[in-house]
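In what follows, a single structure is set out as structure tokens and then discussed.
Naming follows writing order (A, B and C), and every chain is counted from residue 1.
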Amino acid sequence: MKEKILYGYAGIFNTADDVIKAAKKVKSNGYEKFDVHTPYPVHGMPKAMSLKPSKLGYFALIFGLTGALSALLLTYWISAYDYPLVIGGKPFFSFPAYIPVIFEVTVLSASIATVITMLFIFFKFPNNAHPLNDTDYMKKVSSDKYGIVILASDEKFEESSVEQFFKSVNASEIFPIYFDIEELNANPKILEPKFLLFLLLAGIITSGATYFTLNKLLYMVPFNWMMEQPKLNPQQKSSIFSDGFGMRMPVEGTVARNYLPYAYKNQPEEAEKYLVNPLPVNKSILELGQKKYDIYCSPCHGYYGEGDSRLRGQFPNPPSLHSEKVRTWPDGRIFHVITEGQNIMPSYSTQLTVDERWAIIHYIRALQRSLNAKETDLK
Amino acid sequence: MSSNIELQFQKKKLPSKVFNTGIILMVIGLLGIILSYYENPLRSAYNNIILFLFLASIGVGSLFLIGIEYLSGAVWSVPFRRIPEFLSNILIFLPIIVLPLLFNMNNIFHWLHPEILKADELLKSKAPYLNVQFFIVRVIIFLLIWIIFYLILFKNSTKQDDTKDPTLTKKNIKFSAAFMPFFAITITFTAIDWLMSLEPHWYSTIFGVYYFAGTVLAALSSSTIAIVLLNENGYLIQGLKEDHYYSLGALLFAFVNFWAYIAFSQYLLIWYANLPEETIWFLNRWEGNWKFISIGLIFVHFVVPYFGLLSQPSKMNPKRLLFMSSWILFAHYYDLYWLSIPNFSKDSFIFSWNEISFVLFAVGILITVIYKQSNKYNLIPVGDPKLKRGIDFRL
Amino acid sequence: MSAVDYTQELSVIEGKPALRELDDLISKPLETKPDKKFYIALSITLSMLALFVIGLGLTFYYGIGTWGNNTPVGWGFGIVNFVFWVGIGHAGTLISAILFLFRQKWRTGIARFAEGMTIFAVMTAAIFPLIHTGRPWLAGYLFPYPNQHSVWVNFMSPLLWDVFAVSTYFTVSLIFWYVGLIPDLATLRERTSNKIKKIIYSIFSLGWRFSNRHWQHYEMVYLILAGFATPLVLSVHTIVSFDFAVSIMPGWHTTIFPPYFVAGAVFSGFAMVQNVLIFIRKIFNYEKIITIDTLEKMNKIILVTGSMVGYAYAMEFFIAWYSGIQAEQFTFINRAFGPYAWAYWIMVSCNVLSPQLFWFKKIRRSIPVMFVIAVLVNIGMWFERFVIVVTSLSRDYLPSSWGHFTPTIVDYMILIGSFGFFFTWILLFTKALPVVSIAEVKAVVEGSQPSHHNIE
């Protein structure tokens, strides 16, 4: 037969006045390990039990400040460092706008963290294996009676003297409380294996569900409806047209805006005769010409028109623009070459507007003059 | 039994050095004010506005606190109620304090100048409200309302000391209820008239609420200073404990937060929308070295009182309460200064013997008023039926 | 003349019920099977909930085109319902947290129920931001989590501040409510003989054993949570008001919106709580716990907050004239005399006029009259949000852009259905958990606390 192990002695009281008077006497009688149980908090009991004030306020303050700081850092990092965007003309780090978010995060972190601290660290909950659980004592103090339990592990504990004590403070009932066998070895730790297993499972389930949702579910019907829209995407087939092409060429004879077809296609002599440079020669035209020449012509023709290409053999070097032939070509002929291309030189009509071409021609003339200057130019 | 209270409460006269301090400060202040008006009448007028609004906020705010006590049925504040009742006596002196302003209106308010009005269509459209006659009528009516309610509430309360008649409590509850709508209107339009119209193109619907927050803080903090000093030196009554102080501290804390909330709302909305006609008001308070005063306002009026009154023990500690309520009263004056003076001195803040004279006068007149009233009347409402419950109040 | 005796404290709980009586009374709905009245009520709310589901289903399937939103009225019933339900939630937190901070004992009978209402109201409200986007399954992007697209949320937008505010409000209210439930769940655990219920109560009460060493920390955390919940509830509706006030729309951009919205939220919330409590106290025989004095105090709060709302209307009006801005002045004239004038006048009569009747004590204490006034207040507050949103959007700066908003049948289904959603949760709540806080009520019954000299 197993001997029952004593947890402590309990005294039941009928009124709040009785229990608080008794609680004060427990302390003054030298008992240290005791507890008072009441269905609701009784005013003045912490003082009667000589309890130190709760430190949870400090925890709340620290958690709150941590939350505030984290939110501040998050908003700063996102808005001023990681992906700065100009929104509403405001500076990247717009502190007044972040105050609502920072405040909410402060409250959230302080509340959650403080409650978790209280429940899991201070109280060491959940704990349904405490010796007082599932006893008649608990049934009484959870409803309409007040109780004091003096633990057997207290130094001054002695069965008869404790009974005497309870009688002296007007307890209406006095009885012992024993450990249940399972409870004896129950020692709730925070890092219990069951809890860790639960955390692991929760982690697996959460990440699995997230992966499934974001990578698989969102691509399934109906969530993918907006991904596949009844509109034509580039290079998509189309059944409307007989040739099946979605992308269409413009109708024969379509001309782009501000575009005039080149009148002298394949006719260099006519271009020579009839095309005249309409632009005046002044500084801004020459600067425009220089700019465009440097961009489009210089890779092959060199910066000074000498044909010293910087393509290093990827493309054959063109003849110099300072040759007798080119110097005597009319502007119209050069315009024709730029527009149509010549030999392996491609057409530059798509890269240069008509005016730009004329400006380049003025610039080329300036270059040519620079290598064939006459004495009269010095004046 | 209420007769026990009377036996316990001994009416002690406040020491004469209180009176002397008050009178000396008043006299020095008054001399300074007169000199200041002689030297720079416009600057003095702006300071006079601050003085008027400061004392009005304490007086009317005290009436508000008394009214709230009656309407909510609160008991913890009953032993203290005489203090705000004494403070509201300052309302009697307000007509004298507003008089120099009424003579100086032309200098203070842009909307009075006919040349400005001729050119400014916007100001012309406000003329039905912003004109001399209506302005003065409003000032007079508001003062009358405040003084009449003060006299009624105070008379009933002091009469109850002698007759112990509980129906006087019922009467005061009814008058407090009637007072509240008048309070809301008069406080709002006082702030609009004296502060918002200094910058007549600017407007803000929350401005009345902003001044209201300052008003409650002014009344609470000045009452707390007086209560703590009187209680710690034994002039009130036995049995008032930390629990009573806690409620004062908690209210101060709550209204500091409320003021910050209103101030922030006003700022954030105007900053966000960035409309030039609204932002100009804040930009004026960022010019030159006004920016330091503006940043300072946040620290003085919010950050320091917030952390100073956050913990439970700090709200119950008389020394801490005395310090924080003095700080908050100073912060309220700072707030009024920040609202008013940038209209006078655009580029930089000014602070010199002119401003100090007005401050000295304000402090002096408040001390003198409390002294005089405490000589004539009891410092505790001995006839109030809730007094015993008030003294027995525990959290 | 029935004179009030000011020397005596008004008892919060009528009579002096024994503690066990309170246990029995409050646990009774949990220990008895639902009766016919419950099933009738549930069938009504479930049919409304069915309308909700259908409305939402149509919205998901066909898109936001099924709503009445158009250009220029891009915000319609969606945001009106959102603001309405968030407002209803505020009463609960105010009763739990703010009245606790003010040490008002009369809150104990109603706090648990009001908090429950807050949670359900916030749940209802949260549905609207989720469904109005058109692709609600992408709602995760509302939260700033690191992702491969390097896409973050826009911290400048008040709509994002709403996300933080409403989720924080829901979480903290839930925590606050749960912490309050722990001792009651423990009491139920000890009372019940049903094996399954005992396991459930044991799990959720976490093994609470009524130790005063625990009560001490518990009370501190309760105070801290109340201290946090108070600015939280003010901030939530403030942030909701920022949705409108940070814009430059006439009628929206006005600095008084934050305290005005908060006062309006408390106003409508208290009206809804009062309405539901009148039913609850009758059905469950809680008249001794939820007394007429409690209801009267709630009506006083309705009067005060209603007056604040009236003050805000007056201030908006005055400053609209004072500012001299034509668009602003037009907005207010348009509200009163334009195409939505009918909504405006419903709003004014329900919000400004009807609560003023609460100046009269007889009306404050008359159950049928106070019920009607509270219903009017709720109607008025819904219309207030409607007027604010729709009138400002339908006619703003450019007359050529003006347009009319007409709600569709889907809009109405969702509106009515949201009430079904809310009330279904409430009905289930009454049968699953104690709607009155057992521990808190016991603590304020006369004689439950030791006399003063035993405490000191």
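The rule is simple: a contact is a pair of C-beta atoms (placed from the backbone, for glycine too) under 8 Å apart; a residue touches a chain by one contact, two chains touch by 3 or more.
Note that this is a predicted model, so its numbers are computed, not measured.
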{"item": "Most widely separated chain from subunit A, with each centre as the mean of CA atoms", "value": "B"}
{"item": "Chain occupying the middle, per Cα centroid", "value": "C"}
{"item": "Subunit A and subunit C: spacing of chain centres that average the CA atoms, whole Å", "value": "32"}
{"item": "Cα-centroid distance, subunit B relative to subunit C, in whole angstrom", "value": "34"}
{"item": "Length of the line joining the C-alpha centres of subunit A and subunit B, rounded to whole Å", "value": "47"}
{"item": "Per-residue multi-chain contacts in subunit C, two or more chains", "value": "231, 238, 242, 455"}
{"item": "Shared interface positions of subunit A, touching two or more other chains", "value": "43, 57, 88, 97"}
{"item": "Overlap residues in subunit B, where contacts from two or more other chains coincide", "value": "268, 272, 394"}
{"item": "Residues of subunit B defined as touching subunit A within the complex", "value": "264, 267-268, 271-272, 274, 310-312, 394"}
{"item": "Subunit C partner contacts - residues on subunit A that touch it in the complex", "value": "15-17, 20-21, 35-49, 51, 54, 56-57, 60, 74-75, 78-79, 82-83, 85, 87-88, 90, 94, 97-98, 100-101, 103-105, 107-108, 110-112, 114-115, 118-119, 122-123, 125-130, 132-133, 138-139, 141-144, 214, 218, 222-223, 226"}
{"item": "Sites on subunit A touched by subunit B in the complex", "value": "43, 57, 61, 88-89, 96-97, 99"}
{"item": "Of subunit B, residues touching subunit C in the complex", "value": "2, 73, 75, 122, 125-126, 129, 166-167, 169-170, 177, 180-181, 184, 188, 203-209, 250, 254, 257, 261-262, 265-266, 268-270, 272-273, 275, 384-386, 388-389, 392, 394-395"}
{"item": "Touch list for subunit C against partner subunit A, complex", "value": "18-20, 23, 60-61, 135, 137-138, 140, 144, 150-156, 158, 160-161, 164-165, 167-168, 171-172, 175-176, 179, 183, 186-187, 189-191, 202-203, 206-221, 224-225, 228-229, 231-232, 235, 238-239, 242, 438-440, 442-443, 447-451, 454-456"}
